[in-house]
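Next come the structures, one after another.
Same chain, two partners: chain A is paired with chain B first, then with chain C.
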Partner chain A sequence: MELAAFGECLTNSSCLIFQTVGGLKIGMLLFLVASGLTLIFGVLGVINFAHGSFYMLGAYFAYTTLAVTDSFTLAVIAGALGAGVVGILFERGFISRVYQSNVLVQLLVCYAFILILDDLVILIWGEEFLSSLGAPEVFRVPPLFVAGAVVPPFHLFLIGASIAVALGLWLIMARTRFGKIVRAAAQNPQMVSALGINTTLIYAGVFALGSLLAGLGGALAASERSISSGMGFSIVIESFIVTVIGGMGSIAGAFVAAILIGLARSFGAIGFPLFTDGLMFMVMCLVLILRPQGLFGRAES
Partner chain B sequence: MRRSGPIRDMIFGLGVFVLLALLYVLVDDAFVHDIIIKTCIFSIFALSLNLLIGYLGLVAFGHAAFFAAGAYVFGLFMQSEYVGPDSAWAIPFGVLLAMVGSAVLAAAIGAICIRAKAIYFSFLTLAFQMILYSAILAAVPITGGDQGLMGGFPKPVFLGIDLAEASHMYMFCAALAIIAALIMRQVVESPFGYVLRMLRDNPDRAAFLGLKVKLYQWITFVLAGTLASLAGVLQSLLDIGAFPEWAFWAKSAEPLFMILLGGMQTFLGPVLGAFIFEVLNAVVTAHTRYYGLVLGAVILFFALGLRRGLGDYIWQLVSDRREASGRADA
Partner chain C sequence: MNRRQFVAGAAAVGTAITGFPAIANAQASGPIKLGIPTILSGRVAQLGISSTNAVQMVVDAFNANGGLDGRPVDLLIRDTKAKPDEAARVTRDFVNSDQVDVVFNCEASSASFAVQEVVREAGTLCLHNVSETSSLSADPAIRSPNSFRFARQGIHDAVGSARYAAGIAKEKGLKKWMSVSPDYAYGRDNTDLFFKLLNQFGGDDIEVVGNGWPKLFQPDYTEVITQILQRRPDAVYSALWGGDLVSFIDQANLYGMFGSIEFFTINLADYTTMSALRDLPEGLHSGTRYISSFPDIEANRSFDTAYVERFDDHPTNWSWECKVGIEFLLAAMTEAGTADGAQVADALRGMTRPSIIGVGPDNSVTMRGDDQTLINYAVGWGTTVAEEPFVTNIQAADWADIVEHETAWKQELGYI
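Right, the complex of A and B next:
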């Protein structure tokens, strides 16, 4: 515990701003991954433990694309789309076979995929950690100074891009025909199917979108985190915390919870660096005990 | 279903012990001995988890918390100033202390978790396990943080048993695994055990009949946690330490595989699963670095192909045959 440092940071505007921006960046990247997880759970009712693997794939795909094309934009697009394509294959080939099975079987199929993808990644890209992609050329400029705090423009870009994705996701779900069908399928798949809508296609589409979001998160995160097999392990567990706190199936909930977790991580790193994770799990416990449906979840689904 | 008496089970257990002892003498191969020891340890772990999953229908996803708690309590006690190389009582007392400590932990965690339904139960157990994991990482002065409990500890001789001796360790693990299995066997074959099956299949009806559903669930949770800690103690004795990975969520997935591989409907299914898992582990890691690829494929085969554990599959074959021959006789 370094409460002195923690208090000092809270009263110091430059530290406050620096940590807030850092926390928002962590939170928004986490939101991208967790929103995919919560979307898949909300519609398909499946807890995709392998979600972190799509985050990892996004990072690796982006790495290779950047090496080949030297374009950051293309790298991010390739990371997201690549993860989405693998997501469709995973859903069609494996997960769709266990929709009717119990949680245990679903969990094991997902875990099998974590093991397989982690090893495939090592097989293809090697065992060593790959260095992060780095910020694209445009953002290699001197940082901004806000009230004495160093704010890299690239961080602002990451936050802005994630918020744009969140808004886009909200628009898709709330305003488009696809969104309406997806929400209806989440409520009552039999009825939707009886109305002549191909639910198989909807399920595959939602899974692809969920994996794409994870891949996008991975590709963007790879700009400053090193890439390794097994990088999905910690992100999936953090996404679970976000999903549970926000309410399983709620995208708005995931948004708020991801910001909370991001800020808790950023400030926790100053105040109690060793127990930040423990604190997050404690919050998760409290939410599960006091309000199992989460902050934004429906009472009974 | 045929009920088998405790006497029959004990004779069976004794027979297995004699067989394992014979195996040790006849096959003088450390590789084989190692597989048997680990199978014994993980049999206790997987069987205890199957009390919750197979018999009670509760998918606990934080079972490794008790494995780790047992290992750390035992390890810390053995490293403490009270234990010297000549403290003959140290190991039995340490085992007892670890189990009692884990029972208390399981009682507290269980009391909270069983209030949650279905998937929320799984998430709560997972969250508690991760709190323990974070606590172990954070309490560096006590637990050694991410390095684990280093420095080893003495293994004082008790009742003529010297666990530093490989043969003694082997027999000790085999004996404890058999005793633990016998205890669990008696539990699931008792009226108490049949109540558990009823709670799994129809909890509303059980509640309607006046059974205290939560109390049964809680008692089973505590029992499962306590026995899981015994597995942790043995692992700690084997590795002369304790490591934070034992409390990480992925550790809870291992007994789940074993249950899937071996089968959850047959009592000894998880034991078979533990054996398959350990053989697979030993053989595959000896040949390739890509262990996850093989294990993943095996899991997919069992989950999507066979759709049940090997033990359940064999049991089904045997009872089908028995039924067919019964029909032929009539």
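Right, the complex of A and C next:
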């Protein structure tokens, strides 16, 4: 523990800004992935253990699109859409068949899918890790200095883009007909179905949206992370932690929890450099003890 | 037992007795089997691919020349997914089911310890060609009489690294140091040794102000980078490697970190790592893992050319380690005239051969007999440039200096 350095950081505006921006960047990328996971659980009641694979696919699709088009924007769009399309195929072909099954069966299907996709990307893109996409040309500039803190403009873009996605997601869920139907389907699918709404389509749509968010997270993260088969595994663990802290099924909860985790990692590196992973789990334990349903989750009646 | 049962039993025993020599003869005249546990999937698949590529090149040439008295070498290559328990299982299968003559270990450090325990128990001849953790062959409690290390050894690199870094530190006045290294046996071993020797060579001016220990294969290094920039060290030492090092440099580039801090990274100067970087920053200090210009000899350049022609990619540090390992093994078998583990081990102890990476007399490397570890391979440091040859101003380490400090280190730990 380096409590002196931690205390010093908390009283120093430069350090505060620096660590906060770093924490927000970590948290927002995590939110993109976790929001899809929590959305799928909230509506379909499925714990999509294969969610990290869509993150991985998003990164690979973006890599190939960038190589072909040399456009970062197209690469990110292709990463997100590609993962969304595979999500629909997975939902229709496999996971929809085990909606009513035991959770262990669902986990097995997801685990099989993880292994298959990991091997598929090796067959298509090779066993070697691939280089990151790199920041778009416009962001390849010297970092900004804000009150003495170093702030990469690309990180501000990543944070801004993730917040925009969060707002868009909130608008879709709160203000659109699709959002209302999705929320209704989450509460009472039989009633929604009885009203003549195609719940199969809604489920596929929600799964596609969740996968698309994971793919978007993967494509954006690939701008500064190397890409490899199996890269979805670590992110899915962190996403589960975010989902549990925020409350299973709550997108607002995932948003707050992702920021919490990001800041815990960022400030933890200053005060508890050997315990940053442990901090993440401690936050989760604390929340589970004090509020078992998560920060924004609803207690079971 | 009646007479009929007795006759049947006797016939079975007779068949077995006369059959065993036939089986034994078949084994002695059949292919020589090498079991290779290695990593062929995930973020470090390059380790297994580039290792086995180099082995395949040497074995193909050996088999084309008639093998060992007509016996070809067969390679059994299996993926362990970088998991120690899987490496132990695969090695046990090699020994028990496949009955390999040699375990040619191309595993990373954590799994190599698992492989070591299996071969120690089985008594199978084993060559460690990738793990750089010093204790694997230096610690008498871990060392095995039937195991030989052809990989770099952490303590050797640490002496070379610390000598180079101490010189630059003195020249540029680098006093405050930090590290960022992977949190497992190799990363900690390498970094601890580096700072221990840097303090010894650099004098009292050197102060370590913090250490970052990201997990192996951690995707995001932001927290470590901000920790480094917050503490404002003069220099940072890193034992990150492969995709992890690429991610770290890409992410640190966004912060402009390398403009303000001298960065010493032992594992950058490998073609596959450097080519994976979008922007290779100039002026980074790197150990020479594998580049065809160091040592600058024809054999080294030819190997690089032949490897590129066959695999459309450059060799790695793991490639030269495995190439040297397999060349020594086949030379020892030829010298002993057999694939018998004990006799081949005898031939290996103290063997000296010319090598693409050798800096001993006539570009040779030596399998030191007392701890069964390779010495006199190229250890050097230089600074990066964006184009070929990627590393310039290379300073070669002095092996007399390396051995002197290695001996002192072993005495301090009670290894000798």
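Points worth noting:
Assume the second predicted complex is superposed on the first by the 299 of 301 C-alpha atoms of A that agree within 3 Å, B and C clash if a C-alpha of one lies under 4 Å from a C-alpha of the other, contacts with A are read in each partner's own complex, and residues count from 1 in each chain.
Operating definition for what follows: contacts are C-beta pairs under 8 Å (C-beta built on N, C-alpha and C of every residue); 3 or more make two chains touch, one makes a residue touch a chain.
Because the structure is predicted, anything quoted here is derived from the model rather than measured.
In the overlay built on the shared chain, the residue A:S53 is in contact with neither chain B nor chain C. Once the two complexes are laid over each other on the shared chain, residue contacts for A:T65 go to neither chain B nor chain C. Contacts of A:S250 after superposition on the shared chain: neither chain B nor chain C is touched. Legend: residue contacts after superposition of the two complexes on their common chain; A:D118 is shown touching both chain B and chain C. Applying the stated contact rule after C-alpha superposition, one finds that A:S228 touches chain C and leaves chain B untouched. Of the two partner chains placed by superposition, only chain B is touched by A:L108; chain C is not. When the two structures are aligned on the shared chain, A:T38 is found in touch with neither chain B nor chain C. In the superposed model, A:L274 makes contact with both chain B and chain C. Residue contacts after overlaying the shared chain place A:S162 against neither chain B nor chain C. Shared contact residues of chain A with chain B and chain C: 118-119, 122, 274, 277.
Against chain A, in their complex, chain C makes its touches with residues 40-46, 48-49, 210-213, 215, 217-220, 222-227, 229-231, 242-244, 246-247, 250-251, 254-256, 272, 276-279.
Remark: chain B residues 53, 59, 61, 112, 115-120, 122-124, 126-128, 130-131, 133-135, 137-138, 140, 145, 249-250, 253, 256-257, 259-260, 289-293, 295-297, 299-300, 303-304 touch chain A in the complex. Those residues of chain A lying in contact with chain C across their complex are 2, 5, 9, 15, 18-19, 22-23, 25-26, 29, 118-119, 122, 127-132, 134-135, 139, 142-143, 150, 152, 154-155, 221, 224-226, 228-231, 234-235, 265-266, 268-270, 273-274, 276-277.
The part of chain A that touches chain B in the complex is made up of residues 47, 94, 97-98, 102-105, 107-109, 111-116, 118-120, 122-123, 233, 237, 240, 244, 248, 274-275, 277-279, 281-282, 284-285, 288-289, 292.
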